[in-house]
Every structure is written in C-alpha cells, then in structure tokens.
Amino acid sequence: MLGEKVLMKGNEAIGEAAIRAGCQLYFAYPITPQSELPQYLARRMPEEGRVFLQAESEIAAINMVYGAAGTGARVMTSSSSPGISLKQEGISYIAGAELPCVIVNIVRGGPGLGGIQPAQSDYFQATKGGGHGDYRLIVLAPASVQEMVDLTILAFDLADQYRNPVMILGDGVLGQMMEPVEFKDFEPVKIPKPWATTGRKGREKNIINSLYLDPTKLEEHNWHLQAKYREIAEKEVRYDTYRSEDAEVLVVAYGITARIARTAVDMARAQGIAAGLLRPITLFPFPTEAIAQAAEGAKALLTVELSAGQMVEDVRLAVNGKRPVYFYGRTGGMMPTPEEICREIVKVAGKEVAE
Amino acid sequence: MPKVEFNVDRCKGCELCAVFCPQKIIKLSEGINKLGYHPATVKEMEKCTGCAICARVCPDCVIKVYK
Amino acid sequence: MKQEFIIAGFGGQGVLLLGQMLAYAGMLEGKQVSWMPSYGPEMRGGTANCTVVISDEEIGSPVVSQPSCVIALNLPSLDKFEPMVKPGGLLLINSSLVDREPRRDDIKAVALPATEIASELGNIRVTNMVALGALVQLTGIASFSTLEEVLKKVLPEHRHSLIPLNLQAIQRGAQEVKA
Amino acid sequence: MKVVFERPRALSDVTTHYCPGCTHGIIHRLVAEVIDELGILERTIGVAPVGCAVLAYNYLECDWQQAAHGRAPAVATGIKRALPDRVVFTYQGDGDLASIGTAEIVHAANRGERITVIYVNNAIYGMTGGQMAPTTLEGQVTATSPRGRDIKQAGHPMRMAEMLATLPGVSYLARVAVNKPANIMKAKKAIKQAFMVQIDDLGFGMVEILSTCPTNWGLQPAKAMEWVDEKMIPYYPLGEFKVPGEVK
Amino acid sequence: MLGEKVLMKGNEAIGEAAIRAGCQLYFAYPITPQSELPQYLARRMPEEGRVFLQAESEIAAINMVYGAAGTGARVMTSSSSPGISLKQEGISYIAGAELPCVIVNIVRGGPGLGGIQPAQSDYFQATKGGGHGDYRLIVLAPASVQEMVDLTILAFDLADQYRNPVMILGDGVLGQMMEPVEFKDFEPVKIPKPWATTGRKGREKNIINSLYLDPTKLEEHNWHLQAKYREIAEKEVRYDTYRSEDAEVLVVAYGITARIARTAVDMARAQGIAAGLLRPITLFPFPTEAIAQAAEGAKALLTVELSAGQMVEDVRLAVNGKRPVYFYGRTGGMMPTPEEICREIVKVAGKEVAE
Amino acid sequence: MKVVFERPRALSDVTTHYCPGCTHGIIHRLVAEVIDELGILERTIGVAPVGCAVLAYNYLECDWQQAAHGRAPAVATGIKRALPDRVVFTYQGDGDLASIGTAEIVHAANRGERITVIYVNNAIYGMTGGQMAPTTLEGQVTATSPRGRDIKQAGHPMRMAEMLATLPGVSYLARVAVNKPANIMKAKKAIKQAFMVQIDDLGFGMVEILSTCPTNWGLQPAKAMEWVDEKMIPYYPLGEFKVPGEVK
Amino acid sequence: MKQEFIIAGFGGQGVLLLGQMLAYAGMLEGKQVSWMPSYGPEMRGGTANCTVVISDEEIGSPVVSQPSCVIALNLPSLDKFEPMVKPGGLLLINSSLVDREPRRDDIKAVALPATEIASELGNIRVTNMVALGALVQLTGIASFSTLEEVLKKVLPEHRHSLIPLNLQAIQRGAQEVKA
Amino acid sequence: MPKVEFNVDRCKGCELCAVFCPQKIIKLSEGINKLGYHPATVKEMEKCTGCAICARVCPDCVIKVYK
C-alpha cells in the first residue's frame, strides 16, 4: 500500500494507520458507526502478529488498554458516544496514572441511545473531561480520511511523548466515508518507557497508580499534571485556516463540519462576503491564541457545530468579548448543507459587517 | 374446509412457511408486495389441513388459519 | 470542474459498490474524490444511497444537497432524490422498477431498463453495472478502460472471474444510452 | 369455520424491522401469546434491549422501557421494586445479556429478582452487523472473527443457562429453540413457566431461546433453521436447567 | 424530628431530606466519602416501607434509577467521583428519556482513584455533561448541612417539574460535617406523570425511550430538550451574595469553598478591602446574568475552587471580557484556609483596585 | 541453628496498613512465598484492586498496576496479552470481584485468560467501612444490612467458585481458608497450583480465600478466625472445584 | 464570640464523639455550631481528629487553621496541632500518653492525666469524657447540665446505663483542672 | 534449642500467634511498641518447639523461627 493512493473508509484508515504507527494491541467492543475499525483490525492485527481482542464491554476494553499501556506497549481502543461514556472512569484512571494510549470516538447523535448518524455533541466530554477530576485528553479532530491517518500516527507519538491519553474525535460521516489516502513511509517515534511494568528484572519495582491517599501528594500530582497540560497547550496547538486573512466573518468549525463550512465560505465569497474559516485540529489544546488573533481582523465570528453549542464556549473564551460570536448548529445526526451555512454567514454579515 | 389467509403486505418472502408446510402447498408468488418481496401464497388450498404449522413458523405473523 | 452524484436504490442493488467504483475511477484519473454512504440498521431491507463527489480541486463538503447527477434504481429513491437534482443536471432512472415519469422538466432525465438488461445478461445483480455504464457514457466522468482497472481493485481476487460479466454489463448500459 | 390461528392481541399489528426469516419475530409472537393467555397485558412492563430487538417496544402492546445495552435486568429491577405487583420482563440478545450485561444478569438472578428474562441467543451481534458474540461457536466466522472463533484467543462460547442455574435465586431456567414447529411449542411452554414463577413470586425466571440470524450467518432462513439443529443445539443443549421447587 | 434542630452529618441529612421529599426508592453502591448516605437509608427506608437496594455497581444503580423513575416514582442514587463517572451513560439515557430523578455526587479528589478528601473537580462533568450528547443536568450546590436538606427537597420538585435529572454536587467535607438542621413540615409537590410506565390499564401504552433512529426526529427531540434547558435557565437560577453591593473584588465560589471565602471576605474587609462574595447555588443554570451585573460594579473577580479551574470558565463567559477574572484553586483534597483566600483577595486588589 | 521460618524475599519489609489480625496479611505472605518458591519475582506483575488491598503494591516486591474497582481481570488481560511470557496475577476482594467486577471476572475466566486470581472473600466491604458484600451471609449485620442480610431483598450470598467452575476456560479453581494453621498450608498449595496452571499455559487459575475482617465483623481477631469455621465454611465449602485435566 | 476547637488522638480514643458532644452542647445553648471530622482509611489504627466551631454568628469556614483550643490525646496529635494554636489559645494535653512538655510559650498549656483518671474510674474508654470535662471547665463553653442532656442525645438508648460513668468522668476532668 | 524472634515494632498485638501456639507460651507484653500496640513476646522460650505455627498465622510477618 506504501506510497500508492488507496480508497479507504475513515474507520479502516484509522486501523491501518494504527498498525503503521506500531500499535501492538487493540481492545474494543462493537458499536455503530465505528464497527469497521474493529472489523478491519480483527483481520489485520493477527496478520501482523499483534493483538486484537474483542472485550466483553467498553469498560473492560478501556481497562485492558490501561493494563497493556502500563507495560509500555502502544495500544488503542475505539467506540462511539454511549460506549465512550462508559469508558469515563477508565479514562480518568489512565490520565491520572499518566499512561499513553489512543482512544477513538466516532461520534453519533445523543443523548442516550439517540441515533447512529454523525454528530459532534461529545465535544465537552472530550475536551473538559467527562470523567471525574482535573485531567485533560489531547483531542485531535481530523476532517478528512487522509487526516485520520496522519492524526492517528501523531496521536501515538503525542501519547508517548506526554504520557497522556489522546482522543481522536471523529463522527459518523468521517468514519463511514471513503477518500483516497496515502501511507507514507516513516519510523514511529520510539520513546523509552522506564516506568513500564514489565517485570522488575534488573531494576527497582515499578508501580502504575493513580492513588494518592495523602492530599498533599495528590495536590502535587495534580499540579504536575496541570504543568504538563500547560506545556501541551504551548507546544501542540494545531489548526488550519482558509481564506481567513481578510475575513470579516470568521467561521470556526472542526471535523466534517469544517469541510462543509469551507464550501460555504466559497459560496459566501462568491456573493461578495469576505468569509474565512479557522479549523481547530487540536480541540485540546484549543487554538485560543490563533482565534483571538484572527478575531482582531474580523467583524464577527460564527461557530458551526453538529451540536447544540459546545465548542462555541471555547471560541467565546478565546475572543473574550472583543467580537460577537454567533452559533449555528444541527443536532441528532442532521448535517447542515453548505447553502445553509452560507445563509448563516450572510446573516451574520448583515448584522455585523454592514454597519 | 380448512384454509389459510395471508396478510400479503406483511410477508417478507422468507419461505419458512413453505419449507415447514407438511402439505408442501405454499410457494412464493411471482409478484412483488409493498415491501418489495415475493409474498407467500397457497396454490391448492384444498390440500390444506389447517394444521397451522405455517402460521407458527412465520416470523411475521402473516398467516391466519381457519378450520 | 466538480461533479456530485447520488446513487440510490434498494439495499441489495449494489448502489454502494456502484458509487465506490465511480469514486475509484475518479481517483485513478487523478481527480479528488469522496464517497459517503447512508448507513444504519434502517438499511435492512430498506433503501440505501451514497454520495460521490469528483472534483479537480480539494473537496469541501462530502455532503451534497444539489447533486449534478442522480441515479434512482427504484421508486422510493426517485421520489426522494428527484427534487434535489441541480437544475440542468442528470437523472438516470431504472425504468425496470419505476413506472412513473420524471416530474422535473429543468433537468435531463434518462430512462434505463437496467434490471431488465441485467436479467438478459443472466444476472440481475449486475443492474448496478448497467447503470454505471450508462452514467459514464452520459457524463464522460471516466474512461471505460479505467473502469476495467477499477473492477480489478474493488472485486476480491476470488471474484475476478466475474469481471467479464461486469464489463459486459457496463458496455450494455453505455450502449443503451448512446442510442 | 373457526379461526384456529391468528395474531395474538398483545402483538401490534405492524410490520417489524426484522430481516426476512429472522426468528426474533416468532419469539415476539410467543411472548404475546403467553401474555394473552395469562391475561396480564394491562399490568405488564417490558424492557427492551439494545440489539436488533431494540424496537420491540413497537411490537408488543404493553408498556415498555428501552434500556441501555446490557442493563435491562437493572432497569427491570428498578421497575419491579417500584411496582411489585406488575409483571416485568426483559427481552435481551446474547451480546446484551451475556457480554456487556453479564454483571446485571448475574446479580438480578442471584437476587432472585421477580422478573422474567427472554434471552435470545443467535450466536452473533445482529444489529451492529454480525460481530462475534460471547455465544459465537468455535470456528464460526463473523465480522470480528474472520478466521473463525479461536478459543484460545477469544474464549469459549458462553453457556449462560448452565452458569446462571448455579445461582439459588433462580426459580426457572430453560433453554429452548424456535427452529421448528415442535421446538416452537416447547419454547412457548417455557416462556409461560418463566412468567408464572414471577406471578407466583417464586423468584427469577429465564428462558434462553436459540434463534436465527439469517442475515449475518449468511444463510437462507430455512438453512438457518437447520444450522440451529446442526451446530447450536449440540453445544447448547435444550432442556430445563432449573424448575421451581428446586429453589432453596 | 420535626421543627426541632438536630445535629446531623451532611450525608445523613440528604438521606432524611429525601425521605421527607417522598423518595420511594434509593439505589446505590458504597463509596467514600458518601457511605453514610446509603447506610442511613439502609435503616430508614425500610422503616418507612420504602425501597433501599444496594446495587451490584454504580452502573446497575443508575439503571435501576432509570427503571424506577420510569414508573413515576421519586427515586435517588448517590456516589462519589469515580462512581459518578461510571454512571455517565446511564445519566445521558435518563436525560434523553426525560426521566426525573436525583443524583448525589459527594466529590473527592481525582483523577483516577485519586484520594477520598473533598474536591470540586467534577464541576465540568456535572454541568457540561460528562456523558455523550447535548443534555444538561440541573446542578445544585449546597454550602451547609441545612442547605443539603433544603436543596434535596427542591431537587425532587425540580426533577418532576422539568422531567430532568437533578444533581446535588457536594464534597467530602459537606458530606462528613455535622451542623444543626431543621426539618420543616411541608407537602411534597405532586406532579401528575401520565407518561409513566405502570401497566397500560385504561390508556394507550407508554414507552420510555431515548432512541430516535430518524435524525430529523432526533434533532426535533434535541431542540425540545434545548428549549427546556432555556426555560430552566430563565426560571431556576439561584445564588446568594454576601457584602457584594459595593464590592471591588468580587469572589465567586460555591459549596464549601464559598463558606471559607465568606470568612475570607470578612478578613479582607477588616483590612480595608471592599471584598464581596457571589455564591452560585445552581451551577446549571449558572447565574450568568447576576455575575455579569455584579461585575459591572467590581474592579475584578476572583474565582475560588477546589479544582484546577473549572467554574472559572463559566465566570469568564458571564463577564465576557469586561473585567479581569482571576482564579485561585486547591486540588487533591487540600482545602484553602480563609487566610489563604484573603491573601489572594489582597493580591487581586493590589493589581486591579489600586490603579 | 537453622532459620525455619522467615519473611519471604518477595514480601516487602514494611508495616502494612491492615488492621490488627486481618488475614489479608497472611494471604500476602503466602503469595510471596509461592513467588519465591517458583522463582518468578522478576517476571511477575501484580494487579491491585480497589479495596483494603489497594496498597498491596507496597507490600509485594514485584511490579504492580493498581486497577479500577472490579476491573483487575481486564487490566491483567491487557498486561498478559502484551507480555505473554510474564506471570500476571490479580488480588481482589469480594466486593471487587463478585459485585462490581462480575462481568470482568466471568469473561476473563471464560476466555481462559492465562492469569492467576487471588480472590479474598471476607464477606464484607472492608475498606469502605463494613457495608454488605455480595458474599455477606444470610442474617449478617453490616452497615447496609442493619437488620441482617435479608435474602428476599438482597439476594443470596454469592458462591463465585461454584459459578465460575462451570466455565470451560477455567483450569484451576479452589476455595481455601486462612483461619488456622492447617488451612493456611492448604491455601498455599492452592495458590501455588493457581500460579502453575498459568506458567504451564493451561488456562485461568483462581483461588477463593476465606479471610477475616475483625474490624468490620466487630470481633477480636481470634474470634474472627473461629467465625470463619462456624459461619463461612458451612456456606462456602472448601475444596478444589476444578483441576487441570478436567479442562476440555 | 467564636471558638474553634481541634480534638485529636488515636483512632479508638473517642475524639470524634468528644467533638460531637461539644458541638451538640453549643447547639443546645443556642449557638451556631459545626463539626468536621478527618476521615478515611488512614484512620485505621492511625490518628483521628475533628474540628468544632461554636459561634454566636453564622459560621463561615468549618475549616480552621488557627484553633482557639486544641486537645491532644496522644503525642502525634500534639506534634501536629501544637503549632496551630492561636496565640493566647488553649492547649490541653493528655499527659498520660504524652511525655514531652509543650513547646509554645505564647499559649496556655494544661496537662491532664486523662487516661490515668479514666483508668481509675475503671474504664479507659472514658478518657475522652475526662478531657471534655476539663475543656468545659477551662473554657466555659457550655454548662455541665447541658452536657448531661447531650449525653442522652448522643448515646443510643441501650447505652444510657453508661451515662453516670460518663458524667463522673466529665466531673473528674473538670475537678482536675480546677485545682 | 528452637527459638522465635519477634520484630517488635511490626507487631499489632492481634494475639493470633498466642492463640495458636501449641505450647501456649506467647503473651502480649505490658509495654507499648512504636505502633502503639502491646507486642507479643515469649516468656518461656525453652518450651518452644520451633514448630513455626505462630509465624504462619501472624498476619504481619513479625516472627522469625530458628530450630
């Protein structure tokens, strides 16, 4: 497959990218719309002599991830919204114990059983911590099948580098759609893991743990985690812009929504409105600075999400009252069309730019 | 005389009734019903014993049996 | 240049594969492509569709509200997607299963007895290939030699024996609309 | 001329979403017949699973709650404890009951919770497109066991009836099949028993029902019925594993 | 106990209040620091002929709550941080199916197993949705044992009124401390529940459900939920102020932290600094308006939390850049002293007020 | 003069946090002795539970991971699949294993996961202050069963060994007690067996160990030892429920 | 007027109950009160303490960093809490178990052989009551008749037979520091 | 001659060794150890048989046995 372009489903592309990134174990439980990922790996992992194991539940899967990650192996799990909710305790443990791993959420409509169509309504859960305690995931939001490949590879590296769980936040469309992808040749980053529990031969014993009964110790651990998150926020922000330099209406959108918004920006430009797009690629760390700066030049911002309004809070925090921030959202598996978003841009322009 | 009645637009053409009918009198029709399936039908109703086996194996409760 | 297709039909009619072949062909000819299926349990026995975008430039939205071309392999698909076709666009109807006329007059509608042709060829499962042939003929979106290459890629090895039949279906579809 | 067979009153007069030949439909009808015969429709509350039967609430005419994947026994417990004089049953697939919901079914059984469990074992995850279930047979090819289930990697097919029968809270437990007329009749009897032990306040009642998934097994419905005989029943023997009176 | 003051632990006070409020069933699983609550109800519920059931897990407990709430009964569960993480799927279902119930979280230090000392680091989880999908809990934050009583009673009423889960967010100190409480005589509000599944006798069948396979239906359901949340935001905001009228430094804190901050405000006033306190009682709906207004008169705001900084985001969103918002937090079970908070007030005053 | 008894090498030379007379300490020592005798200290990874033994990682000299409540078997599975040639064991209480962790233990056992499970049944939730456990005996008074465990409300005390023994993935399964010297010797043998089946790649090995909680039982340590004989063993009979060779 | 107490000792010495009685007494005398325990598994065999605030006004922080009074029933408690006593405050030391002198000279330190007195009374479990008596005597925070009432409230019915012994201990504690 | 050695500051005074010693020679001392317990001790060591039963029942691995 190397070098050559192949047409792949997003879910499968993540699977293949994980294999290229040296993922040694994968544990998961089936759920629509991400089941192609376990299905792909059920075939491919054994071919590579690696471990595919269908766990008895999402909870078992995330705890298997904990165990395997604790041995220093590269490991991944995936699910969709309700299954990710079940993993919250485990995710908090992994973050607390500082274990590297990759967690994929191919989001579907909620709440509850909801539906199986694409959504972005797990943004808060992913970025603010759906589990208990002060912790952060690194959250990557691909917008194309190629980016699902690239960000999966990046995810494994960031996880190891920061000893932190990394979430890939996709949605049903990205998981199901096919686009050409290319797998480039590369060497997965190898970071030594002297903390791993591999048997204590030749060293002191290692303990993987998130328990600190002494609150002074737990506080110390928490400040250590916070310092790490600040470092991540300084170094790992990623975003993309499109026609944003002179934009008067700056659209902020991520993932599949950003793709649709990009077309809408072109439509708006065609109507003479200086629209532009800023697409966060990392949702945590959030491109706060970049948005604050881009907002300077703009008259107003429009956040578009497949949710009732979640990322828009981070956009508002970034803009900090300097510009009006509007929101347009669809929920429950409905997707806005480019025309729809363009209409919203026109509306915002009418309100703000005309003056 | 025993007979069976099919709720044609409920039939999914699975043929279970046909396979299990001891008289082997159930066949799928040529036509297509509202659901897009060839519905089951009985050609020689006079052979029907009213045993209701067809109805009991039908997953879609398509068949009503008289005796 | 950007073309947007919606291909729709019953669950078993192979509309997803049709769309994939189209996307593959576009890719092999150096275009940007995206393929997006409908999915879910409601597909069971119901209808399925997919959206394909083929473009010279980077593809923004893979979601399309005004396709330049729709293939409707059954009646529910016609009902659902006819209104969406872009004015001046193409609507290809599987007239074997659809007994009504198209309602729009601002688009080009083509009736193709795809299932009948497939059945003549001995396998109604190639209905989708007949439609693909017609589509490629009508839009020139890819060359027929590319389609042959695509068949080799999308069919698993053990199904390669079916390639001639599929090619035949594609050609018959093309012929049908040439006339 | 008398009607000797017709749709039971408790079965909704609608088309189900099940695939052609899927025996979920037969099981629904049997439950409906039992509800009719016991005259309990107006005081029965069903708990629907996550699985192909998620929409069961559209097909039986009683009140329903739809439960999270695997948690139907906990939901049923909540209902039964709130309304001890109502009849509460769950309808669960093998992924739902024997995988993600293992803890909930074991503890509901152990508590002798006065509920009835209709456990539909089709050796596969139907709804999500045919992945391996805990009950998938050795060597069986599924979407997540593409080379066939390997015992060493994936473990043994779970025999839930046998395992749960060890729990003293269980009052009635049987395994039946709906793959041919005679078995269907027996299945109905067992379902009735499982409701009766609840109504008689004897304890937890459950019927494991071997069911088909023609779609994901890749078999014609009639062949799927045979497959139950040939492959499933040898590993999942039919019979009653616990009957009232044995309770201690 | 009526009328008379009794000295009670916060955890037990919630239990007794739930009984007064007509809670008919309680399902939970033990966890420190809230175990006095199940222990209290293990004794009291049977005395009242009601149901106490120790579930096999937190997950079972929340799903038992779902079932019982679906019958129209008043029902409650409680846990602490890791246990609440496990309930996230269930909570999302309950919110999606619009079932009324009360969920108590007596927060401890995280992430992971963390510690058992008091914390407020589950704010995001409680207010933004730790589970998947766009849903909201009504979140009540008592600051005294008496308020644990009063807000528990309110919680049951709000839950029924809005068909929404209500969370009581306490912490280890509030759960463990004793203060005098009074139980006043009252009639629990009775709201008809025609939607409940009680057996269909005499009516059409009822279905409790959160599944909407058709995305247009799911979107409709989501907009319905959002409209409800807006109504709640309009009608149910509750907060308290202390010496805030002329405050130049406005401290924002909730729960136990607000108690400590109150003493700190007095200390600061004694040092001649015009400090004041705004204490959100409802965390969702958040007192955005009140804070925005109070901020007008102040020079700066200081948010104090037992976390690395969570509610501070809502404070910043409320203030929207009009005033600087500072943050002071302790984590992992550590509690700030009044002196410590006072020092922070002085610092903020030095920075902002002096100019 | 020869040393005939001393602290095993694998047991850390520190004071434990356990209450006086709590037999968690004896069990720790037995595991340490077995690890020493098998010479596996440097390739063993323990998984600590949530429960009084949460700090076990401070007391045995091997590598450790601390697992979420009930999930130790899943964590152990993750470790073992990553490092199949290491020796992996879990140490779990009855709340951890038989209540919240039911699904994980059942499925690890069913998969025949090559791990060893040390299951400490003290009929109570020790760490959280003496609430009812799934194993609490009928009539036993605990913090959440103030009138004694009522079977009708709370279900039957769970016999995990008996239930898990029905699973074909299990290679070795025994119930022992550490309430007197003879039982302690037998307990050690069983623990060794449970490690050996792992080392010999035969399948899942588990020992259920009846243990005391003098603090929450409200008994002096010596009385607690007697209580095991008088109350626990009659309901939880000692013995081997599964030995290798019976595996099929 | 506001008084803040920290009462500390070994796990089994009844410091939590002592604090509760103090709080109860304050409440019965019409004051605002709060009682806050240390908690957790580390209590097992270790030390325990609680904080009591008694005030005429609404109580802000139940957390106290400078208590006006500390009771230290063992050495670790003395080591931990002596430095925290507010200047001019009171430090009551169980001299039966503590063999060192207090280090501060800006506070009032009182040595009380509480365990010995309790043991004289025939039950070392009333050590806490001896200390309570001394405390009440020294601070006047409540009346002795209130304490009797409190005993009736905090002891369960079946333990009411122990009230006389407890009262005796309280009185002996009071006497001891009167001298 | 057999003997036992106690690691005094590890002993929690649970008395299990005393109860199970067949020679009944173990008692708790009057004094208090670092942990605050009365530690176990042997008064008549000459009666010790070195059977190590005390050591085997000690939950805290306090006892070393020589023979």
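As written, the chains take the letters A, B, C, D, E, F, G and H, and residue 1 is the first residue of each chain.
We adopt the following convention: a residue touches a chain if its C-beta (ideal position, glycine included) is under 8 Å from a C-beta of that chain, and two chains touch if they have at least 3 such contacts.
None of these values were measured; they are calculated from a predicted model.
The chains that touch subunit C as well as subunit H do not exist here; no chain meets both.
Set side by side, A-D and E-G show the greater C-beta contact count at E-G. Among the remaining chains, H is positioned farthest from subunit A, on the basis of C-alpha centroids.
Work out the mean CA point of subunit A and of subunit E, and you get 29 Å between them. Distance from the subunit A centre to the subunit G centre is 55 Å, each centre being the mean of its Cα atoms.
For this pair, subunit B with subunit G, the centres built from the Cα atoms lie 87 Å apart. If each chain is reduced to the centroid of its CA atoms, subunit B and subunit F end up 59 Å from each other. Each of the following residues of subunit D touches two or more other chains: 19-20, 54, 66, 68, 99-100, 102-103, 106-107, 127, 134, 154. Among all residues of subunit E, those that touch two or more other chains are 32, 53, 56-57, 59, 82, 89, 93, 97, 112-113, 115-117, 209-211, 213.
Touching of two or more other chains is recorded for residues 12, 35 of subunit B. Those residues of subunit D that touch subunit F in the complex are listed here as 99-103, 106-107, 110-113, 134, 151-152, 154-156, 158-159, 162-163, 166-169.
Across the interface of their complex, subunit E is touched by residues 50, 54, 66, 68-70, 95, 99-100, 102, 125, 127-129, 131-132, 134, 143-147, 153-154 of subunit F. Within the complex, the subunit D residues that touch subunit E are 41-45, 47, 54-55, 57, 61-68, 71, 74-83, 86, 103-104, 106-107. If you check the complex, the residues on subunit A that touch subunit D are 29-32, 35, 38-39, 42-43, 46, 52-54, 56-58, 82, 112-113. Contacts from subunit C toward subunit A in the complex involve residues 20, 23-24, 27, 32-37, 39-41, 59-66.
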